[in-house]
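One chain, chain A, appears in both complexes that follow, with chain B as partner in the first and chain C in the second.
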Partner chain A sequence: MQLLSSILYDTIYHSAPIILCVIGGVFAFKANVLNIALEGMMGIGAFFSVYVTFITGNLLLGFIAGVIVALLFGVMFSLFGVTFKGNVIVVGLALNLLATAIASFILVQMGKSNLTLSHFSVADLQIHIPYIESIPLLGSLLSGHPFLTYVAFIGVWLTWMLMYRTKFGTYVRVVGENEDAAKSLGLKTDLYKWCAVLIGALCCGLAGVNLSTERLGLYTNGMTAARGFIAIAAIYCGRGDPFISSIYAVLFGLARSLAINLAVFAGPAAGLFDVIPYIVMVVALFVASVSQRRHVKVRGFANG
Partner chain B sequence: MESNNLKKAVLNSALPVLFALIIGAIIIAYIGEDPLATYALLFEKSLLTPKGFMNTLHYAMPLVLTGLAIAVTFKANIYNMAVEGSCVLGGFFAGIVGASLSARMDALSMQAICLFTGILFGVLFALLPAVLKAVFHVDEMVVTLMLNYALQKILEYLATGVFRDTASGYVCTPTIHANAMFNRMGNFRITPFVFIALAAFIIIYLVMKHSKLGYEITAMGKSATFSEAMGMRTTRKIIILMIISGALSGLAGAGWMMSEKFKYTLDFSGNPGLGWDGMLVSLLGGHSPMGILVAAILYAALKTGADSINIYSAVPKEIVSVIQGLIILFLAIKFVDERFGVSGKISEAIYTYKARHKQTTSDQTSIQEEA
Partner chain C sequence: MRKTNVSRRSFLGGSVALIGLGLAGCGSKDNSKTKSGSAAKASDKKVAIVCDAAGKNDNGFNQQAIEAAQAVCDENGWELNVIEPTNGLPAALETLGEEGYNLVFNMQYDFEALINGTGGASPLAEQYPDTTWVVFNDNPNVDKSGKLIHKNVISVLFNMNENSYLAGALAVLVNENADKIFAGGNYKFTAPDKTRAMGFIGGTESNGITVFSYGFVQGMQHEAEKLGVKYDYYTKYDAGFTDTAAGSTTAGTYYDNGANIVFVAAGSVGTGVTSKAKEVGKLAIEVDANKDEDQPGYILTSVLKSTNVPAQALCEALGNGSIAEVERVQYYNLESGAVDLTDFATIEKSITSDEGKAKWEEAKQEIATLKKQIIDGDIKVVNAQEGETFDPATCPNVNIK
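== the complex of A and B ==
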C-alpha cells in the first residue's frame, strides 16, 4: 500500500514537467514548426529561475525570470526559424546547446558546480488539500504537489479548449495544415507561428521552474535529462492532441516512477530501470506509427 | 561561376563563425577580460605551432568521421542522431575486446579486430532506427535520441557492474593491451589512426562526389517522394545510409578509444560528445566532405584552444561552448542558401534563385497588400 501510493505520487511528480512541455509543444507541432528546442527552453528556464532566486532571495522573481528567459529563447527561435526562414531543427539544436553552455558558463564564473537554494524548503511549496490528503491512494494522487504541477494538469484542458474551441486555435491548425491556403485567406501565417512557438516557450519555462526551483530547489547541469525530447516523442505519438499526448507523458512518468520505486528491490541492476522510459517511448512511437499507417494505401515515403 | 559558388559557400560558413566570435568577444569584454588576447591564445597554441597543429589534427580525426556520418544521413534528409550512440557503443566494445584478447597477439591483427568490433557495434546500433524508419515510417530523430539516452544508461550499468575494472579507483573498464593501442608519432599526440581516418575520408569523398549513391543521397535530400516516384528504392537507401553512418561512427569511437582514451570512462565521449560535435562540424562544412575536413580542424582547434584559455587566462573555457552554440544558430539561417548554392548545375541554381527571389518579392507585395 505504501509502495503503491508512492508510485502514484511519483508518477504525478515526474509527469508534470513533461506535460507542461507537451502542452507547450503541441501548438508548434500543429503549426507545422518542429520545435526541438523544448529541451533548451526548459533548461534555461530551470537555470535562471534558480539563479535569480539565489541572487535576490525572492521566489516570485525567480519564477518570473525563468519564464521570461524561456520566452526570450522562444523569440530567438521564432526570429531565426520563422522570420529568417532558417532550418528549425538546426535552430533548435543551437538553442539546446546554448542553454547548457550559458548555464555552465555562469556557474563557472560564479565558481560553483551547482546552485542550491538553502533559504527555504521545497516542502513549503507543496499544496496540501485538506480532507483529500487523508484519503489513502487518492490523497497521494491529488494532494501534496507544488503549484505548477496542478497548473500542468489543468493546462491540458486549457490547451485543448484553446486549440479546438477558439478562433486562434483553428487558425494555428490551418497554418500548419496548409500554409498557402492560410495565406490566401489573408492570415498572417508568421504571426501564428510566432504565437505557437511563444506559447511553447512559456510552458517550457514553467516546466523548467517546476523541475528545478519548485521541486528540488537546486540546479545542476543536465538536470533536464531529455525530458524535452520525451515531450516531443509524446506529441508525435499523440499526433498533437493535448489529451492523448499528455497520456503518453504520464506513461513516461509512470515508467520513471516504477524505475525509482522498484529500484529498492533490484539492487545493483537498479540503473537499468532508467532505461525503461526511453524504450517505452520508442515502442509507443512504433505502435502509434504502425496503427496509424495501417489504413494508408498511398505509396510514398515518410509523408504519413 | 563555379568559383563564385564556392565563394558563396565559404562565405556562408565563415560569416556565422565571425558573428559568433564577435558576440563571444562582447561577453568576454563584459566579464572584464581582453577579447583579442583570449582569441589569440585560442588560435595561437592550437593552429600556429607545429606541436599544437599536430595535436589539433589528432583531435580532429574522430570529428571528421562523425561529421561524415552525420553528413551522409542529413544530406538525404534523415535526421540521424544515433551517431553519438554508435560512436560510444563502438568505442566501448572496442575497449572491451582490446582488453580481453590475449596480450601476446601481434599489434596489427589486434588493432584490426578492435576497429572491426567498433564498426560492427556502431552499425548494429544504427540498424534498429534504420529499420524502424525505412519499413515502419517511425520518426528517426526522436527514436535515435531516445535510444541514445537508453544506451547511455545501459553503458553506465555495464561500466559500473559487469565490466568494471575493480583495480581502479573510479568507474572505468580495464585498460586495453599495449598492442591494441595506436602509438604516438614523435612527441606529438598524433597517432597512425590519422591515416585510417583519412582513408575513410577519401572513400566517403569519392562515394559522395563521384558515385551513384552520392547522387541518390542528394536526390533524396531534395525530395524523397519524388526520388521514390522516379524508381529509387528509398527504403533500401535509408538502411544503407544508416549502416554507412553507423560504421563511420563506430570507427570514430574505436579510434578514439585506441588512440586517446584506452579505457571506457563515463565521460568517454566528452561534453557535448563526439557525435554532437560531429553534427556541428557537418553543418559548418555544409555537409560536403571537403568542408567537413576544414570544419573539423577548425573545431578541434577551438577545443584544444579552450584548454589553453583555461590554463593561461581567467576566462572560463565554457565560453567556447557558447561560441559553438552561436555558430550553429547563425548557420541555421545560411543553411537554406547553402542547399541551393551547393547544387551542381549552375543554371538550375540560378533558376531556383530567381524563382525564390520572385517569390519573396511577391510575398512582400502580398504582405503589403494585407497591410
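== the complex of A and C ==
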C-alpha cells in the first residue's frame, strides 16, 4: 500500500512538468511550427524563477520572472522562426543552448555551482486537501502537490477547450493544416503562429518553475534532463491532441516513478528500470505510427 | 607550414594566458596581479591549473587546489594560470606545455591526450618532458604490466574509503539516537525499533563511486555489530550527475522506506537529495567539498576530498627542487588530512538539548577512536578504487539491497 501510494505520488510528480510542456507544445504542433525549444524554455524558466527568488527572497516574483523570461524566449523563437522565416530547428537548437549558457554564465559570475533556496522549505508549498488527504491512494494522487502541478492537470482540459471550442483554436489548426488556404481566407497566419509559440513558452516557463522552485527549491544546470524532448515525443505520439498527448506524458511519469520506487526492491537490477521510460516511448511511437498508417487511404499523405 | 602552426599555437597560448590572467585578476583582489606582472625573471616558475567542468568557483575540488597553489605561488612570486578550457582539454594542455609551464594540474578526469596521445600525436607528457603533469583520482600512468609510462606524470589518489567508513559509523550512531540528539528540532525520524535503514545514491557504477559506498557499509557494519542490530541498505549506483529531480525522488523513496540518512555521491544530483532531506525532515551526507551549509541542519556531514593538501605539497616540492623525486603515485589518506569528515560546526547548531549534546559527544568520541584505528592500521577498509573487491558476506549486519 505504502509502495503503491508512493508510486502514484511520484507519477504525478514527474508527469506535471512534462504535461505543462505538452499542453504548451500542442499549439505550436497544430500550427505546424516544430518547437524543439521546449527544453530551453523550461530550463530558462527554471533558472530565472530560482535566481529571482534567490535575489529577492520573494517566491511570487520568482514565479513571474520564470514565466516572463520563458516568454522572451518565445518571442525570440517567433521573431526568428516565424517572422523572419528562419529554420525553426536551428532557432530552437540555439535557444536550447542559450538557456544553459545564460544560466552557467550567471552562476559563474555569482561564484556558485548551483543555487539553493534555503529560506523556505518546499514542503510548505505543498497543498494538502483536507479529508481527501486521508483517503488511501486517492490522497497521494490528489493531495500534497504544489500549485502548478494542479494547474498542469487542469490545463489539459483548458487547452482542449481552447483548441476545439474556440475560434482561436480553429484558426490555429487551419493555419497548421493548410497555410495557403488560411491566407486565402484573409487570416493573419503569422499572428496565429506567434500566439501558438507564446502559449507554449508560457507553459514551458511554468514547467520550469514547477520543476525547480516548487519541487526542489534549487537550480542546477541540466536539471531539465531532456524532459522537453520527452514532451515533444509525447506530442507526436498523441498527434497533438491535448488529452492523448498528456496521457503519454503521464505514461512517462509512471515509468519514471516505477524505476525509482521499485529500485528499493530490485537491488543491482535497479538500473534496468531506468530504461522503462525510453522503451515505453519507442513502443508508443511505433504503435502510434503503425495505427496512423493504417488509416491512410491516399498515397502521398502519410504525414498529413 | 610548421612555422605558421607554431605561431598560431603561441598566439592561442598567449591569448589563453591573457584571458587566464584577466580572470585571475578579477577573482582575487590580492597582489597576485603585480606578482605575475613581474614574472619575467628567469628563476621564476610557472604553475597552471586546468579546471574540470565544475569550474574554478566550485567551492571544492578545483577551488581548493587553486587557493593552495595561489598561496605558494604568491609567496614565491611565481605565475599561476587558472584555465577553464573552452576548446577541449588536449588543446589547453598542449598550450601550457608549449608555454613551458613547470607544473600543470589537470583536474579533469581525462588522461588520453596526456598519457597515450590522441589523433596520432605522441603523448603530451612525452612531447613536453620538462613539464610535470599532475592528474587526480586515477592512476592512468601505468602500462598493462604495471610499469610506469611517463616519469613526469604524478597521479594523486584519495583514500575516500577511509572517511566514508567514518561516515557510515557516524550514520549508525546518529540513527540509533536521532530523536534524542536532534530533540526539539523540525525532524521526523523513523524510530530505529521500527525500521533500521540507510540509503546510498551514486552517479555511476564505477570504482570511483563504489569506493564511497563500500567504505560506508563497512563503517555501518562495525557499529551495527557492536550494537547487535541489523540494517537495510538501499543503493542506487546509476543516478547520473544531472537529473536533480529524479535523485530527489529516489532519496524520497529511501526516506519513505524508513531510512533516516542517505549518503549521496552524484554531483548536482546531491543537491536534490539534500533538498529532499530538508523537505521530509531527515538527514543526508554529501561528498567532496564541505556542503554542510547548503541545507543547514539537514546535512549530517560531508565526506571531504581536499585537493589543497596535494596541491600545496606538490607546489612546495617544485619550489625546493624535489618534484622529480617525489612518489609518482601519491595516496592521500586520513592521516594526510586530505580526506576527512567536516568539523560538524553546521550540524551542531541543530543539536540543542543537553541530552542530545551528550549523545553527540559520545558519537564524536567513537568516530575519533575509529579514525585513530584506521590511521594506525588496526582497521582495514576495502578500497574499491584500488581494484580491491568487497565481499558483502563480511558485513552480516547490513542487508544490502
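Just so it is clear, the second predicted complex is superposed on the first by the 292 of 304 C-alpha atoms of A that agree within 3 Å, B and C clash if a C-alpha of one lies under 4 Å from a C-alpha of the other, contacts with A are read in each partner's own complex, and residues count from 1 in each chain.
Keep this in mind: a contact is a pair of C-beta atoms (placed from the backbone, for glycine too) under 8 Å apart; a residue touches a chain by one contact, two chains touch by 3 or more.
Predicted, not measured: the structure shown is a model, and the values here were computed from it.
K.L.:
After the chain A overlay, clash or fit between chain B and chain C?
P.N.:
clash
K.L.:
Just to be sure I read the superposition right, which of the two partners does A:108 touch: chain B = first, chain C = second, or both, or neither?
P.N.:
Once the two structures are laid over each other on A, A:108 reaches both partners.
K.L.:
Based on the superposed arrangement, let me know which partner A:216 touches: chain B (first), chain C (second), both, or neither?
P.N.:
Only chain C; A:216 stays clear of chain B.
K.L.:
Spot which of chain B and chain C makes contact with more residues of chain A, would you?
P.N.:
Larger number of chain A residues touched: B.
K.L.:
Among the options 164-172, 182-190, 200-208 or 362-370, identify the stretch of chain C whose C-alpha atoms clash with chain B after superposing on A.
P.N.:
Among 164-172, 182-190, 200-208 or 362-370, only one stretch of chain C overlaps chain B, namely 200-208.
K.L.:
Return the residues of chain A at which the contacts from chain B and from chain C coincide.
P.N.:
Shared contact residues on chain A (touching chain B in one complex, chain C in the other): 108, 225, 268, 271, 274.
K.L.:
Quick one: in the complex, what on chain B touches chain A?
P.N.:
27, 31, 79, 132-133, 136-139, 141-143, 145-147, 149-150, 153-154, 156-157, 160-161, 224-225, 227-228, 234, 272, 276, 279, 283, 316, 318-319, 321-322, 324-326, 328-329, 331-333, 335-336, 366, 370
K.L.:
If we count contacts the way the header does, which residues on chain C are in touch with chain A in the complex?
P.N.:
Chain C reaches chain A through residues 54-55, 57-59, 205, 234-238, 240, 242-246, 248-250, 252-254, 256-257, 268, 271-272, 275, 278-280, 294-296, 400-401.
K.L.:
For the complex, which residues does chain A have touching chain B?
P.N.:
Going by the criterion above, the answer is residues 36, 76, 80-81, 84-91, 93-95, 97-98, 100-102, 104-105, 108-109, 183, 186, 188, 225-226, 229-230, 232-233, 236, 268-269, 271-272, 274-275, 278-279, 281-282, 285-286, 289-290, 293, 299-304.
K.L.:
In the complex of these two chains, what residues of chain A are touching chain C?
P.N.:
Of all residues in chain A, those touching chain C are 2, 6, 10, 13-14, 108, 111-114, 116, 118, 121-123, 211, 215-218, 220-223, 225, 256-257, 260-261, 263-265, 267-268, 270-271, 274.
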